[in-house]
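In order of appearance the chains are A, B, C and D, and numbering begins at 1 in each one.
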């Protein structure tokens, strides 16, 4: 087994030296305030051993990373019925997101782009008694950590500025692919995205995807086959228009968020999370991508 | 001068005999209830002579026809500044309306498609003290008829089902091409579209476009050059994806609405309005199109 | 009747003074050599009176203007059957020309965009015994001028560099909307576009569209209704992505070419041609557009 | 180690029983003649052990599978310079292939869609002395089998009917992303696609991608890192608009062809090839997809 702590240490030192740390997302005012010198990384192995360095216990806004957790909850609730409303293919058209939805009659390309995640949110709103509370409980259960919470300021900030998400939701509604009111669905969605977690919690939350559906508390949440579906989706669709690059450079299923977080995993082996708020041109954490590429190069552990 | 009353009579008899009267629009529940055997036609010459037949004094929902009146009001308020926010070219992509808006960075192709009309609504909301009341007064002044009014049921019906318009408005907002709140703009827009008029009132309302900007009450509302702009826009963009066909078959600037109304005009000569609620596949009044084609064929009066 | 010669003189003097004469098209190497100080204008009234000034007897490459002549020849040969293979609506998507063709299953939006004109070329290749010779004879007959000819250097230049036209033709072929070989069709098409005419000849060639289908030699080539169709198409589709602007600024059916020529007409009144090789950003002659706008403003003769 | 021969036997029996064997591709006339009852499967482990059943020694047209071999040859010749001309991201727009190329200025989304493969062909034509002979030699070297050859009838058949490929090549040329003549590039490309191989040869040819760049003859052709790139591309882009589905159902990097072949591999473990000529709606071998899914389910060997 590699000396993980030493490897994380090397990656951390390289990150500290980086001249170009990317650009912090500014479209959500609350996120624009984050200091981009933050850098954390946390690894949890399938045996449950934890390794961490830097700001790995400092919480940040997980944003789009939450889409994977919402998807797994939805799969546990309604199973394959999800795929009547969402496709599972990559979406190769970043600047043109609504037109694809239009051409394909309101069926989002996959559950990890915004329109797809909004349909997932609609499913959760329909199938949870108390959607926001129940989803928060799900995340707390996965991690065994009741301190995790929504950031209501961030959720409100997105509600006031998330016009493209409102446009998507209305377009979905016009194609009858949204059952609840747009306000209810987006209120849930913006809360889901506002979840604050640190790298350690994130690695714990995604542990089930490296462990055949069983979380760290040893509870089975989703089936083997559902885990395989989610990992395949992360690999092909988890990084906006940089999925191909990530599959090559890192070679792990994973998901990024505009808050600067990335989580990735090797089935049966480990989950690893990074946080560095500066983004590259394609909207993924610049140093996070580099750190994970360095990690799989040093450990020679990737799916390829 | 042709015997207009005899011509209208012939057209009316032909319309009564038509087997296929098209399909009444059903996407706005309030409109779906209209009897499609209604048929009216009304001509007003530049000298102010009126000719009418059939249901030409029965009010109907003018819908998109209102976009031309809103445009003329906006031009009278802020003039050429409109074109910083809207283009003047035809939009050849009916089934793909949001993607064009996306690719062109939130600048609608022209003021007669929905996204363009929503920007015009935003301009009116910004520049009128009491938008709904002031716009209604404008239409009443043009026609000299204070009985004209909004149909609040229709406006409400659209508010509850107009998801594509909400999608457009949100997309415009995301590109910063909407200054007021989406709810304020669309509330105005849905009221504007809900205006009820009959063929006679409609011909009166459009008289200024055949009369160099002066309405029937002899008041100058817009300049010669603004009239030319509006007529050019009606000719190239007034009939969704059937503008080319209408320019050929009828050969007049005009505008249709999903309520089944059409108004068209020959500068310095006449304004003519028809109403027949059944639509053809492209969303324009089926018998209205035929009636106007018959009219310009019989009178040999068109722009070509 | 206005003093046309004096008006042309004024326009000519204004054109000479223009600082910005646009940019000569460079994508066809042969055209790039033309001196952009050339400026000519020629008017022919319905009575056959001619007025000209500047370089109005100097030949230039008519390029896309030839599409209208090819269309009228095709209409005279197969009539309405054309519209089974081409639509008649404006195409609002300049930078995206192949995608529209793809989405609409190989049916070009109208006969004045390149893909539509290639289908027209295919029709002529199928229906003329000796396509290039017969089409040349048609143009010579319309003008009564046997000196008009193809420029074989320009045709060859386009054959060697016209990759987008080859792409269009192959896409049309893949949709089975081309009956002849691509090489035969494009050989004809590139010759058609290479026609050299001066403003005087151009006005003569288009005289039939202002004269109900009868050419200057008093021969009826196409019907009244076919003339109306062609004029409607020129008005809505004759100026690439500037059709709406031209309809407004000039208010006449017309057609431009990248060689810097423009021809426009008022039915029953006149035909007017301009030539100025510098183009504006949308690919139309910069000074030609201004000259025609000035003309209709001074004479107050437009369709609106 | 699983009993591979028994597993292949089970899969084979299931395939024989399948009622719906898909539809043989008809757009290439030569391929339309193939009997769809053919079914073969061949596995080669990293140690070089071979297992086969059914028609696994009967040659078929490998078609798009050849794109991966052409890519690896190009990478061995010019390395990372490839990525100046082609991107590495999935292309989520099957019915709209030219428009993406147009919007992205002639840079194909990845080397496994047709436009990307045509750019690779252009690179090989530029960098090989005798492109067709040298590429054939490369494939023969990889497999250690000199009987492999092009099918000239198939190549000719595609040359005569491959209008969409000509459209792509011309569009690439218009964006200056093709250095050689279109005829030279497509002649090479159609030959490359016409390669005939059986499942056994195909597994041998792809052995290097499961063996860090070393072929069965123990020769190093490409680097570790280049292998990773190619495997990542196969996983994200190898199955037209079914890449996501294949990643989930099978969970291996792979590539399909319209001839009904599929090859897939698990790095350091095995290469497996199937052949069944009937295709599903997305253009991939229907029984081949099912067979591979069954294989990874039974062996529990996939990347996830």
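Heads up, the rule we're going with is that a residue touches a chain if its C-beta (ideal position, glycine included) is under 8 Å from a C-beta of that chain, and two chains touch if they have at least 3 such contacts.
Predicted, not measured: the structure shown is a model, and the values here were computed from it.
Asks: Moving only to chains each one touches, count the minimum steps from chain A until you reach chain D.
Replies: The distance in steps between these two chains is 1.
Asks: Copies chain C, chain D: same or different interface, half of numbers shared as the threshold?
Replies: same
Asks: Mind checking the centre-to-centre distance between chain B and chain D? Centres are C-alpha means, answer in whole Å.
Replies: Distance between chain centres: 55 Å.
Asks: Centroid from C-alpha atoms only, then distance chain A to chain B, rounded to Å. What do you get?
Replies: 47
Asks: Which positions in chain D touch two or more other chains at once?
Replies: 96, 103
Asks: Within their complex, state which residues of chain B touch chain C.
Replies: For chain B paired with chain C, touching residues are 87-93, 96, 100, 103, 109-110, 227-229, 231-233, 235-237, 241-245, 247-248, 251, 253, 267, 302-304.
Asks: Give the list of chain D residues in touch with chain C in this complex.
Replies: Residues in contact with chain C: 95-99, 102-103, 163-164, 166-168, 170-171, 173-174, 182.
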